[in-house]
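Next up, some structures in structure tokens.
Below, subunit A partners subunit B and then partners subunit C, in two separate complexes.
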Partner chain A sequence: MEMTASDLWVLAQAAVISLLMALAAIAFGTLLAVALTPLAFAPWALGRAIYRLYIFVVRGTPVLLLALLVFYALASFWGRISPYAAGIVVLTLYLAALIAEVFRGGVLAIPRPLWDCAKSLGLPRLSILRRVVSPLVARYALPPYLNVCVMAVKASSVLSIISVWELTLASREIIERTLDVYRVLAVAALLYFIMCFAIDRLGRNLESRLAARGFAGERL
Partner chain B sequence: MIEIRGIRKSFAGVEILRGIDLSIGAGEIVALIGRSGCGKTTLLRCINFLEDYDAGEIKLDGEVLWYRADSTGGRRRCPEKDLARQRQRMGIVFQQFNLFPHMTALENVCLGPRFGQKLAADAAELRARELLSRVGLADRLNSYPAHLSGGQQQRVAIARALAMKPQVLLLDEITSALDPELVAEVEDVIRALTQEGIAMVLVTHAMSFAREIAHRIAYLADGQIAEIGPPQEVLDRPRDKGLREFLRRIR
Partner chain C sequence: MGQYRAWLEAYGAAFLDAAAWTLGVAVAAFVCALLWGAILFFLRLNGGPWAARTVDAYVQLLRNTPVLLPIYLIYFGFPLVGLLWPASICGGLALVAQNGAYICEIFRGGYKAIDRVQHDAAKSLGLMPWTAFRKVTLPQLLVYCIPALGNQAVLLLKDTSLLSAITVVELTMQAKVLTERTGAAYAPFLVAAVFYLFMVWAIEVLTRLAQRGVRWR
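And now, the complex of A and B:
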């Protein structure tokens, strides 16, 4: 049996779910990372230790395992829990670790003399963070950040394990019904590709706009 | 106006500054010279507390800067807020310009007054425009650093340091990174500033420029001021043996 036009429509809908899950997790993950990164530079050892522990645990665990762990943990805590909510939590925790490291790299990339300059102007810490550090980190971190965003779309496929109905799960359902393995998988792959490509284009657009605003000299 | 007493500073067990004493009067211009590694840049950075120092005291108009005595007879860094306020009374210009790459010339100069001194946006901008035109960049207000020559960037950096209306300007080899034909434009700006009575401490290898603008020249060797005096004395009749050797070598 071949897949039908309505199967195609189903896959397209599932792709939208994948994308929404990924986007929500990117948004929350970025917020969590914004809170985490300063911990990496905290003056107290405890803050730095918490940061390292978080990165170590979350980054060192396969997403699949993390998904099962969080899903069952949340379920035992609250009883029944929506797999979609659990899915967003899982991806958020995972992405936050990756993004926090991306941001940390951005902070480390700021040349020491620029810190000196900001200090010598007598700027309060908050102003240094807001006017100097954040805009520079945004520029340095953008390429690896986009990398994480693209990964997020693909990582969302793991959520099929906790019965989030997204592109991968939908594909499997259709394959089981039609046995049209290769065509279904090809369509799914194409949909993933389109989503990733769109993020990539969006990101490059942003990059060149920042470059036009005077970062790192001429446009490449 | 600035009183530096017994500044000592070690890096990784090596003592770079071994008790520096130096007084700088209001409007006085002092040039620091010496071999590379003699501690002149470190001293400049200590004055502005970009480096902490192990011992000694720096006063500006009688106010002890950067550290406070604590009850145990030791000392303690001033809170960040005080450090920021104290730093605003000095401007520093670095060898490598160090403009913020994501800001235009105007934004670079506005930053300090706007967010350090909490001036209103239009007042900060007015001051910045004035300063930039004084350093000859009235037509480059909206250029980003990457689109400016080294000499232009350094002039923006000078305007940025002046924007806080500092009492002292610290200049760290500000022409060393420039192409020879760009040195003059930066020196001209500094020369013009000497007419305004702002005190300056400059680290430099440009002896003829130091001779021209400095009231006194201090020769640093082994973390101490080995000789200090008016340019004619220090450069033409050096008493210190190391200084004679140093001057012979750079000529």
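And now, the complex of A and C:
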């Protein structure tokens, strides 16, 4: 049996759900990362240890295992829960670790003299953070951040296994019904490729626009 | 506490078995992916413009799609052309296909980082192409590539968990089966996580050792 035009429409809808899951997780993950990154530079060793432990655990276990863990653990506390909610929680936890590392890299990339300059101007700590550190980190971190966004779209496919209906699960359903393996997967691959490629392109566009406003490349 | 002990006695062997599958698939796939990545990189470098374009298209396609797609492609697609291979082989092949693409990119990045002058120097010393590669290019390539390759090994190890979607009983699948069979809320997943973290830690240690082994002398 061959896939039909209506299957194509189903796949397109599923792709939108993949994208929405990824975007939600990127948004929440970025917020969590903003809260996590300062821990990496905390004056107390305990804070730094907590940060390192979080990164090691979340980056060292497969997303699928995290997904199953969160799905089953939440379900055991609250009874049945929506796989979509569990999926967004898992992707958020995972992306937060990746994004926090990206931000940490951005902070470390700030040249030492700039810190001294900011301090010698007598800026209060919060102003240094707001007016010196954040704009620089945004500039340094944008390319790897986009990379993480692309990974978010790809990682959302794992959620198909905890029964989140998105592009990968929809493809699998259609394959199991029609056995039209090659065509269905080609369409799914194309849809994923378009989403990932679009994020990459949009990001580069943003990069060059920031550059035009004085956020020029690596130079200072 | 006693409850956990009884639990471990009953299911410890099952976990060790599953961990062996995870590790076995990961090691075999990583070795093959290194070879496949090296072949792709060689083609890209020496195969003329069409080979380079084909390799680039392959790399871009696999880098921008999730690993589950090649896994399903091989697992569901091979039987249609008469190849009834075990799920672990199908899944392993998919991991090789995707990680080969990433590793090709790693080699490309490392190769670009080598100073042009080094190749010119090798040529002007009259070294044969193979000797020049072995004595000049390869040692420097390894220095640049080993950290990224270690990183890729960690990613590959984690991706073996996706083989649970095609019935391979590796760590993640075993944890899921035990959770459902024993009615444990989520403890088996924590045990599986400890196994993964230990393997990731081992890879990180090995990477550091390898890095020390190839440093400039």
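What we mean here is this: the second predicted complex is superposed on the first by the 215 of 220 C-alpha atoms of A that agree within 3 Å, B and C clash if a C-alpha of one lies under 4 Å from a C-alpha of the other, contacts with A are read in each partner's own complex, and residues count from 1 in each chain.
One rule holds for everything that comes next: a contact is a pair of C-beta atoms (placed from the backbone, for glycine too) under 8 Å apart; a residue touches a chain by one contact, two chains touch by 3 or more.
Since the model is a prediction, treat every value here as computed from it, not as a measurement.
Using the touch definition from the top, say if A:Ser120 reaches subunit B (first), subunit C (second), both or neither.
Touch partner of A:Ser120: subunit B, not subunit C.
What's your read, subunit B or subunit C touching more residues of subunit A?
C
For A:Arg131, using the defined touch cut-off, is the partner it touches subunit B, subunit C, both, or neither? Pick first, second, both or neither.
Only subunit B; A:Arg131 stays clear of subunit C.
Where does A:Arg139 make contact in the superposed view: on subunit B (first), on subunit C (second), on both, or on neither?
In the superposition, A:Arg139 contacts subunit B only.
Of the two partner chains, subunit B (first) and subunit C (second), which one does A:Leu91 touch, if any: first, second, both, or neither?
Neither subunit B nor subunit C is touched by A:Leu91.
In the superposed arrangement, which partner chain does A:Phe56 touch: subunit B (first), subunit C (second), both, or neither?
A:Phe56: touches subunit C, not subunit B.
Go through the superposed model and pick first if A:Cys149 touches only subunit B, second if only subunit C, both, or neither.
After superposition on chain A, A:Cys149 lies in contact with neither partner.
Can you name the residues of subunit C that touch subunit A in the complex?
It comes out as residues 60-61, 64-69, 72-73, 76-77, 80, 154, 158-162, 164-165, 171-172, 175-176, 179, 185-186, 189-190, 192-193, 196-197, 200-201.
Write out the stretch or stretches of subunit A touching subunit C in their complex.
56-57, 59-65, 68-69, 72-73, 76, 150, 153-158, 160-161, 168, 171-172, 175, 179, 181-182, 185, 188-189, 192-193, 196-197
In the complex formed with subunit A, which residues of subunit B make contact?
Answer in residue numbers: 45, 48, 50, 80-81, 83-88, 90-92, 94, 96, 98, 100-104, 111-112, 115-117, 144-147, 160-161, 164.
Under the definition above, what is the set of subunit A residues touching subunit B in their complex?
Going through subunit A, the ones touching subunit B are 111, 113-114, 116-125, 127, 131-132, 135-136, 139, 213-218.
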